[in-house]
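Note that chain A is present in both complexes that follow, paired respectively with chain B and with chain C.
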Partner chain A sequence: MHANTNIPAKPFNKSSFVIRMTLLMLVALTLFGLLTFDYKDLVLSEAIRKTGDTLGTMLIEPHAKHFTFGEALGQVTITIGLAFLTTLFGAVIALFLALLTARNLSRPAVSLAIKSVVAFIRAVPTVLWVLIFAVAAGLGSVAAVIGMTFHSISYLVKAYSESIEELEDGVIEALRASGAGWWQIVFQAVLPSSISYIISWTFVRFEINFAVAVAMGAAAGAGGIGFDMFMASNFYFDIREIGFITYMILAFAILLELLARWIKRKLAVNA
Partner chain B sequence: MSGSFFLRKRLNTLFFCALVLALTIIAIIITEYDVVKGFTSVPKAAEWAVSNFVPNEKAMDKLPDIIDKLLETLLVSIAATSTAAVFALVFAVLGSQKTGIGGPFSMISRWIATVFRNIDVAAWSMILLFSFGQNVLTGYLALFFCSFGFLTRAFMESIDEMSMSSVEALRATGAGYIHIVAHSVIPSSLPQLISWVLFTIETNIRQATLIGILTGTGIGFLFNLYYKSLNYASASLAVIAIVVAIMIIESVSNYVRRVIM
Partner chain C sequence: MRTLLEFKHVSKQYGSETRALSDVNFAVKEGEFVSIIGPSGAGKSTLLRCINRMIDASSGEIVFDNASVLALNKNELKKLRTRIGMIFQHYNLVNRLSVIENVLHGRLGYKSTLAGVLGLYTKEEKAQAYRLLQVLGLQEQVYKRCDQLSGGQKQRVGIARALVQDPKMLLCDEPIASLDPNSSKVIMEHLRDICSKMGITVVVNLHQVDVAMNYSDRIVGVNKGTVVYDGPPAGLTKEKLRAIYGADYDKLTEEEGGRHVG
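Coming up: the complex of A and B.
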């Protein structure tokens, strides 16, 4: 008797096959990319040394020449204001759409329609939305807020509707059996049970929007600290000022992260 | 008792709404946001987009250029993410609470991840622009640094969430540190890690557009060129190309995620 005839050592497993193929593809595409990029005779060692010097100067000797500390603080507040408005508008609109998207509250056709529109909106990068709106509204805070809101909506609809779908079917069924209408179900069951998720996703998006607002200031003239960074790098060529601005942004980003963590902890205690 | 409970709850809600309203008004004032214009600009933009922002015959001539730059941007995003993932994995394994070697290294690796993650991608591209110029490597490195920070944190959390029983079992057999990492930690968290890598690739393609506008590389540069020269038909073709690429990548990664998770 041969015990080891036709039994393969490891049976075929689809998931490990896909994992291996994915890794292989990533390695292949990375190597292909790195080998075929047009480097335009860049001297790599020289460029790396220069970047190191730049980073050193930037981080060790930051200064502000074209604005005072107070003005910079004001600019950061503008950036936070842009992020806040975007998050708020996005959250309000996304909440309504999410209620219509969640599979347990809505009809499949409506849900699918909203999901595909939202997927399309998400596929267009935020900066392109802002630039497209800038043609109609002019460069400035209106184009920035509306353009960024589009992307926030698409992100939040996905996050909200997934947290709403986690609600147990029994709860909705029980309310429906007792004769509750759609709005009553939303206010008495859906919102109370998913509010902590909704708030924590909103804060995640607020942090993202802060970073996006900085970038929009630089790339689409939306104002705020990002615009100062753009001026410092493209017009004054002042690396020390970029360092100063980077520190400002870093400080506020870490502050927002701490705030988000504090709110999450509070919600976890209350829930 | 129950009356005061509901009263308190209602007061809390009222206070929260008032706070949000106050913050909104402050934000509207400091950003000089024009509320009316905000509402009217949406239909105006839609009307403009329908009549001007559609590709025409002439734009089709630009299609080869657009595809060429789009492929470059896709490859840059994938290459930056994959190489960043390798470094992030090393830092995450060494810095994680469960597999870390502890001591100052764990702290340092967390600290590095926080700093890299919070220096904005726009800041990175401008820093790199000084020494690398309008080069494909500028975008590559900007994406690399941001992905590195993000992936280190994501990987660390995935490894922390992993069940420790297999690590303990291996340790009991006397396996060394490298064996434990290679045969238990990485295999059991691999689906999670791949899912994060795919997510980062998707984000990076969008980020690459922004970086392209700031540093003059890839598809972002091409869009900006058409946009600034008011060649909206070609610009819209670039947008459509980006959307198609992102949707393809998204559906591939959704498929992979469904199979491996």
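Coming up: the complex of A and C.
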């Protein structure tokens, strides 16, 4: 073979070719879009500077005008309460449903039925469920609790049942062969094996529910810090107050995370 | 000696095609040590599991302790299972629990649902579990978590869990298939002792012909779901082994012979 023959380093690969072409096209479209936007009177540099200013005002000069610090604390507690209550309801109901859903503990037909219903519930966002229940219960905390619990159940059933399915079938077989009943197997083998996963998932859901509970205050009138945020932004146009509330929420989110970690570490040591 | 277990024309059909067991007949006397040998997929596991109805036989009759196993209702079956201990190739312990908790699981079949759920064991049960662990040489490991044990220790926990049931019979499904030679020997010695000293009938599924010959009173050879040998270890001639393992047996022995020569 001649030294100057063109030998490709890599043989032609259709999928990498397609990926490369797609990326190229996206770059071209982005450039085209940026060049042909109708910017009206907006000057990009000006806009970026102003956004920075607003964020700066919000985060550097936070204040509370329409409520005291104590009141804000009370409101955050309400939001956490909403998150806690819905997670607790969700966890208890989901645990029982998960036992009926896990393939190693249940009949295939029952498992499949619950799995499909739960998948449908999960596909619809939490906020939408709250608004659906608001038709019957009216906008407010009742609709928020029911709607959030509903979605928490569907999320946790999937998480729990998959944790339970991690357990080897042999362990269940061994206990069945010694004459143990279903409930005994659940409490003596299944739960001890999967409790740390179950608690982990519950905390993940608690964090999600905290974020949703903030949004519910604004969107569904469920009260709590979310409602104050809604008022500050939509009625008082007070960006500094929003900054204050953002810090409150951030502080509590960090606190929850630390608490979750602490509990998980305790469990890892004892379990 | 009285007959404890009897298989009469037992067959097991999976779907319409696969026949795991066909017309199996054999009997086990009280206090006997019986090994079931045969190639992989011969139906050894199915046969063992038909005894305590972890698998339901399709036809025939299985008599255990004068009761027809296939006719039992749910509660009677539970009672039957408490009197048959079972140990497994993969031990099947709850890894996150301690050794003694795993042993006490053997008592669940005797308890009410609530007492079992809450794990309320009597003083005598705990003492019995501890005594068995002592017999099996695990007194140092009583409160260790099971995932910290070696394979041989795990299998001894499995044996203790079966013995705490106070069983009439012990079913062992490939008890030494995942163990090294030393641990295998320990386990087989324990099973032998359980049979001779405690008077518990032992039925073992085995892969290793030499182990079966060493420890058993009687050997049942299974091939393709049928019993092709039923007699004392001494009667297992080369022809009989060929009948159990098929043509593969010659290859197997040739290889082993070659290895020993080398």
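Here is the rule we go by: the second predicted complex is superposed on the first by the 224 of 271 C-alpha atoms of A that agree within 3 Å, B and C clash if a C-alpha of one lies under 4 Å from a C-alpha of the other, contacts with A are read in each partner's own complex, and residues count from 1 in each chain.
Throughout what follows, a contact is a pair of C-beta atoms (placed from the backbone, for glycine too) under 8 Å apart; a residue touches a chain by one contact, two chains touch by 3 or more.
Given the structure is predicted, the values throughout are model-derived calculations rather than measurements.
Participant: For A:Ala260, using the defined touch cut-off, is the partner it touches chain B, chain C, both, or neither? Pick first, second, both or neither.
Facilitator: A:Ala260 sits against neither chain B nor chain C.
Participant: Let me test your reading of the model: by the given contact rule, A:Glu173 touches which partner, first (chain B), second (chain C), both or neither?
Facilitator: Touch status of A:Glu173: second partner only.
Participant: By residue count, which of the two partners contacts chain A more extensively, chain B or chain C?
Facilitator: B
Participant: Under the stated touch criterion, which partner chain does A:Ala119 make contact with: chain B (first), chain C (second), both, or neither?
Facilitator: first
Participant: Check whether A:Thr246 is in contact with chain B, with chain C, with both or with neither, and answer first, second, both or neither.
Facilitator: First partner only, chain B.
Participant: Does chain B (first) or chain C (second) touch A:Ala137, or do both, or does neither?
Facilitator: In the superposition, A:Ala137 touches chain B alone.
Participant: Looking at A:Val214, would you say it contacts chain B, chain C, both, or neither? Reply first, second, both or neither.
Facilitator: first
Participant: Of the partners chain B and chain C, which touch A:Val204 in the superposed model: first, second, both, neither?
Facilitator: It touches nothing on chain B or chain C.
Participant: Which chain A residues come up in both lists, the one for chain B and the one for chain C?
Facilitator: On chain A, the chain B and chain C contacts do not overlap at all.
Participant: Which of the residues in chain A come into contact with chain C in the complex?
Facilitator: Spelled out, the residues of chain A in touch with chain C are 168, 170-171, 173-181, 183-184, 186-189, 192-193, 271.
Participant: Please name which positions on chain A make contact with chain B in the complex.
Facilitator: 14-15, 18-19, 22-23, 26-27, 29-30, 32-34, 36-40, 42, 44, 47-48, 50-51, 53-55, 58, 74, 77-78, 80-82, 84-85, 88, 119-120, 123-128, 131-133, 135-137, 140-143, 145-146, 211, 214-215, 218-219, 223-224, 226, 229-230, 233-234, 237, 239, 242, 245-246, 249-250, 253-254, 257
Participant: Quick check on the complex: what are the chain C residues that touch chain A?
Facilitator: 52, 54, 78-82, 84-86, 88, 90, 92-97, 105-106, 108-111, 113, 116-119, 158, 161-162, 165, 171
Participant: Taking the complex as given, what residues does chain B use to touch chain A?
Facilitator: The contact residues of chain B facing chain A are 20, 23-24, 26-28, 30-34, 37-38, 41-42, 44-45, 48-49, 53, 72, 75-76, 78-79, 81-83, 114-115, 118-123, 126-133, 135-137, 140, 190-191, 194, 197-198, 206-207, 209-210, 213-214, 220, 223, 227, 232, 239, 242-243, 246-247, 250, 256, 259-260.
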